[in-house]
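Heads up, the next two complexes both have chain A, just with different partners, chain B and then chain C.
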Partner chain A sequence: MTRPDLSTSPVPGAAFGTPVLEVDDLHVEFRTRSGVVNAVNGISYSLAEGETLAVLGESGSGKSVSAQAIMGILDSPPAVITGGGIYFQGEDLLKQSPEEQRKVRGPGISMIFQDALSSLNPVYSVGYQIGEMFRAHRGMSKRDAKKHAIELMDRVRIPAAASRVDDYPHQFSGGMRQRVMIAMAIALDPRVLIADEPTTALDVTVQAQVMDLLKDLQRDTGMGLVLITHDLGVVNEVADNVAVMYAGRIVERGTVDDVFGNPAHPYTDGLMSSVPQVEAKGGRLQPIVGQPPNLAAIPSGCPFHPRCSRRRLGAAAAPGRECATDVPPLRLVAPGREAACHYSEEVLGV
Partner chain B sequence: MGRYVARRLLLTIPVLLGASFLIFGMVYALPGDPIRALAGDRPVSPAVVEVLRERFHLNDPLWVQYWEYLKGLFQGDLGTDFRGRPVLDTIERTLPVTVKLALVAIVFEAVIGLVAGVLAGIRRNSFFDNLVLVSTTLIVSIPILVLAFVAQLLFGLKLGWFPIAGTREGLYSYLLPGLVLASGSLAYVARLTRTSVAENLRADYVRTARAKGLPNRTVIVRHTLRNSLIPVVTFIGADIGTLLGGAIVTETVFNLPGIGREVFDSVRAQEGAVVVGIVTLMVFFFIFFNLVVDVLYAVLDPRIRYD
Partner chain C sequence: MSDDSSGSIAARNERGADRSAESDRSALSEPTTGATAASRTASTPGEELLEIRGLKKHFPLTQGVVFKRTIGHVRAVDGVDLTMRRGETVGLVGESGCGKSTVSKLLVALEKPTDGQILYKGRDVARMSGRALKAYRREVQIIFQDPYASLNPRMTVGDIVSEGWAVHTDVAPKKGRLQRTQELLDRVGLNPDYVNRYPHQFSGGQRQRIGIARALALRPEVIVCDEPVSALDVSVQAQVVNLLEDLQDEFGLSYLFIAHDLSVVRHISDRVAVMYLGSVVEEGTDAQVYGSPSHPYTQALLSSVPLHEPHLRGQKDRILLQGDVPSPANPPSGCRFRTRCWKAQDICAQEAPALVDRGQGHPSACHFAEARTVVPVDVE
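Up next, the complex of A and B:
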């Protein structure tokens, strides 16, 4: 079987306009006393205005670290960005001074986190913390900042915003706290919002409300949304495109419909089979065997090969496509689809 | 909050009664006869001794003596020493010295301890951080008695930078004893601040502050230090009470006529009324400043609510 030449096919995300955020071959490692941990190993993606890109992966797949690298808030040391570029509206953030980078955070790119309780400062009122955005970036007075904070709290549908503006984070419910985080993040009309597991800590009903809010805000403002999650259901509902991460690499990328409808990578395939399906009621779930790799000692070749049911080792492998020795590059496997597997065509059933 | 403070203040009454009774019993249990000790080598007639013993209720059992003491106390009379001087006068004379000493110590403790701790916490594992760690370990491992004599010998006698003893040079005389008195707490404040700052720098809300694009100064001062200093401020507050009561060694070594030295002298002379009066006062300071700290804690951390 010869591989089809797909180099002229449209790339993922092309359905949207010009990219506002581009990540190019990003590498991040943690230099610890016990050795180097390779958290992010060359990921690339682009995000257009109005696009929702889901970054999907298990804990430790590098999805949060890559997001923090984009924000410029990695704890350094131990984290070091060892290569690549992060382009926001065409400018490489990694080549900018810390002060220039700081000015992008908030009006350009902003971020919300998983645990809103610990991510909000317990000793300041929510109004103060939202208002800080206007005071720090626009030099607004305390009084005007508070007025804007109330408007934002209204906008994220916090009831009785005017009377709750002076309340402290611990006086809000989990869902309301996440709304406060969102209000803070959208305060300055960012072009990109990175949401790092925004609903993981919430009840299912509240999850849906928060996701609806994010989608509505995105529709109103046209911002790009990077949604980091391990929840396949959330991805299916709100994302346009999806990038599946494994061991610090993107192993599959494409539209949500394509990737979820017919995975091109055995890992994605395994993820799909491990999710309960309403139609397959009564059947047993098929977990992916084994453990996620230790990022300080990533397996040679394809990092997924020790857990892969389709791996081909030794003589069974095609030349240059031995799963335990040859690293599969992320390549076009079908129009608008990329995967990092030597045998994606088989996985796709082409 | 008001009810909480009122309840805490009411609770101090039984504590003070219990403390005073314990101290009374301990002085009572001391060996020797205070009247004979008062007379020293001079011959004194048994009749005079007996009159004095009767006047100070020394022949009565412990509980009668304590009852007589309490009766006086509720009339605002703290009693007199064996020379007939009212204990209240003694406290009025000696307390200002101790208050001045404690204030000087608190200033040293807060300023040096906080600055060293904050800098060490922000620049963890730097040369300065290690310097703070080593020097504070050294300070807390030397007993205050040794520290006091060494400081007196080195800075007072050899170098002559500070007065050796007494209060004749005003505030200046309090600097060296104040530093000695503060040393242990100072080291503790530096350590506590360092740990607290280092811990808070890793907090999620500090990461949020950076993600918001706040200037570094704001991230450090508003979102790290404000939170880090809550435990430190409460420690310093509680320490005021401790320092007011813990100046016995320092005041004795530097010959400062404060309540600490007065207690030391009174214990040796078995001046029961003086010891009980001053130590009960120390206990009161301790309880009072702990209450102040608890109230302060609720002001600093909105998550703490009483009632």
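Up next, the complex of A and C:
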């Protein structure tokens, strides 16, 4: 089988210009008493200002752990970053002291989480918690910080911000709490916002409001957005580029139109056909067989091969491309898109 | 059931293996159940099985520790009408707090309705007692949302699946129980040798299968599925949805499928009811409700669902609702949705709209109901 020559093709994400955040061959493992769990196994991506990159994966695919590594909030121990680099505006964060890192995170990179209630401190008012960003990073007085907090609450469209600034997290609804989190995250005008399942706990109408808000804020500030999610619909509506993760690796990367229009990896393909759509009743769902792998015992070769309908084992495989023994590298399979499958060309049908 | 007794059943089962032909017939093995299901569907196609009329459930709000005073009521369910025919899947969608799960608890008689009736085969469930109620509880089973919290961690899978037979002894004769349990596990796609394992040894999807086997064990006619797949990963979700569909065909089951995921509900349901703040606002076939929604809330809800197809992006009519759902302890007068509705007029505050067909082809609880296409039709 011949492979197309892609030496001059653009790599995914190239259209957006200078990257502000780059992750290079990141490895994270958890050293537990019952063994080593390989949560992230060499992922690389870059994010430009104004770009929205969706990291799509199921639970246990390593998508949240990689984000926590970027933010420096991994629980260590047991988590250890065993290799790779995280570059923010060209500087490797992993080589900096915690003090230097702290100066970058906050004004540079910030993060919002899935569960807004447990991410907020229940005994401080939301105004105090939003204002903390200004007090800690800009040395503002309490009074000025509160004034800024009210402005921010207005900006994230919390109604009657001035009268709610002294309210506590439990007095807000789920959607409003997530807005408080967003207000804290954008307080210092970061260049990169990492949103880890920001709308998973929210109802669909509230989800639409919050995603709209995030997109508007991005348009105003030009920040890069890393959107971690398992929801294919959210990715399609919000993101420019998508990286699909499986077993701690990126298995496919490209623009959302390309990846969703014509998947190059059997896992992405399987995900697309296992999800019912609201547009049509559709026929029988085509689930991916089996369970997602245990990260303490990732299958040899391609981690997806035990569940893959296109796997080639033994003599059926091309030399060096045996699915159970040879790990497929993430490689260019078409202009502007990468996939980690020995037989992506077949999946693509080219 | 202790390990001892299940061991002895296993021993007896082995000894009884030679007499399998006989025990097969008496135990509810596949041929028997299949035949019953077939004869049921053949004799009474589409017969009305469940009818819910004006169902209400109000929970008291109390104040004080020693002398509790009732200071109000949370109107969790406030006037729900719904019918379910044999062999049909009725989807119930709505956002959190709309009362979906309270409806499911009322249906399986875990809660008593404040008002209204649940008629099962023409009999009021609230008035049932003794033998009739016991039979009802066997015939109407439930699958819960959280496969981690709904299985007792100290019981083996075999004990969980067969526990119902301790009460409903007539469903499975004592002799063939282990074999029947293993058949059930096999049917839901679990290895029958796992009967002596504990829930923590299974993944979320497998646990949900255990919950399904437990519900099936009592040969129900109706299964209330309360968010059965929302805790599962997408690739596993499809496996469980397919299993539910297969079981429905095989055993002639009727489902009330409760979920907040509009796509899953459309996929599995024959008819769909949309709930908002304790009552049904729109009801119809999946094509009617999704294709030509006529209640403003349904339209807003559907317009918020992100689509999966890149070529359909941006083609959707986006309706962004303002504000939050009002408290069910103090719902708005008249139409519940009027505080967030762009069509609201004076009449909406005065008169609660009935769930009737106003010329749009299916029932909708809006004074100004008007069909509108919100979700683009996928022509590809």
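One rule holds in what follows: the second predicted complex is superposed on the first by the 346 of 350 C-alpha atoms of A that agree within 3 Å, B and C clash if a C-alpha of one lies under 4 Å from a C-alpha of the other, contacts with A are read in each partner's own complex, and residues count from 1 in each chain.
In this section, a contact is a pair of C-beta atoms (placed from the backbone, for glycine too) under 8 Å apart; a residue touches a chain by one contact, two chains touch by 3 or more.
Please read all numbers here as calculations on a predicted model, not as lab measurements.
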Quiz item: Should the superposition on chain A be reported as showing a clash between chain B and chain C, or a fit?
Solution: fit
Exercise. Considering only touches as defined above, state whether A:S110 meets chain B (first), chain C (second), both or neither.
Key: first
Self-check item: chain A as apex of chain B and chain C, Cα-centre angle in degrees (nearest 10)
Solution: 70
Quiz prompt | Contacts of A:V123 with chain B and chain C, given as first, second, both or neither | solution = first
Quiz item: Should A:R33 be classified as contacting the first partner (chain B), the second (chain C), both, or neither?
Solution: neither
Exercise. Could you say whether A:V204 touches chain B, chain C, both of them, or neither, answering first, second, both or neither?
Key: second
Practice problem: Check the residue A:G175 against both partner chains and state whether it touches chain B (first), chain C (second), both, or neither. | Solution: second
Exercise. Would you sort A:G261 into first (chain B), second (chain C), both or neither based on which partner it touches?
Key: second
Practice problem: With the two complexes superposed on chain A, say which partner A:M184 touches: chain B (first), chain C (second), both, or neither. | Solution: first
Quiz item: After lining up the shared chain so the two structures overlap, which partner does A:R143 touch, if you call chain B first and chain C second: first, second, both or neither?
Solution: neither
Exercise. Return the chain, chain B or chain C, that is in touch with more residues of chain A.
Key: C
Quiz prompt | chain B versus chain C - smallest C-alpha distance in the overlay, whole Å | solution = 7
Quiz prompt | Set of chain A residues, in rising order, touched by both chain B and chain C | solution = none
Quiz item: Once bound in the complex, which stretches of chain C touch chain A?
Solution: 95-96, 203, 205-206, 233-239, 241-242, 245, 260, 262-264, 266-268, 286-287, 290, 300-313, 318, 320-321, 323-324, 375-378
Quiz item: Taking the complex as given, what residues does chain A use to touch chain C?
Solution: 58-59, 159, 173-176, 203-209, 211-212, 230-234, 236-238, 256-257, 260-261, 270-272, 274-282, 284-289, 291-292
Quiz item: What does chain A use to touch chain B in their complex?
Solution: 68, 71-73, 75, 102-107, 110-111, 113, 115, 118-125, 132-133, 136-137, 168, 170, 181, 184
Self-check item: Contacting residues of chain B [partner chain A, same complex]
Solution: 202-205, 207-216, 218, 222-223, 226-227, 230, 300-303
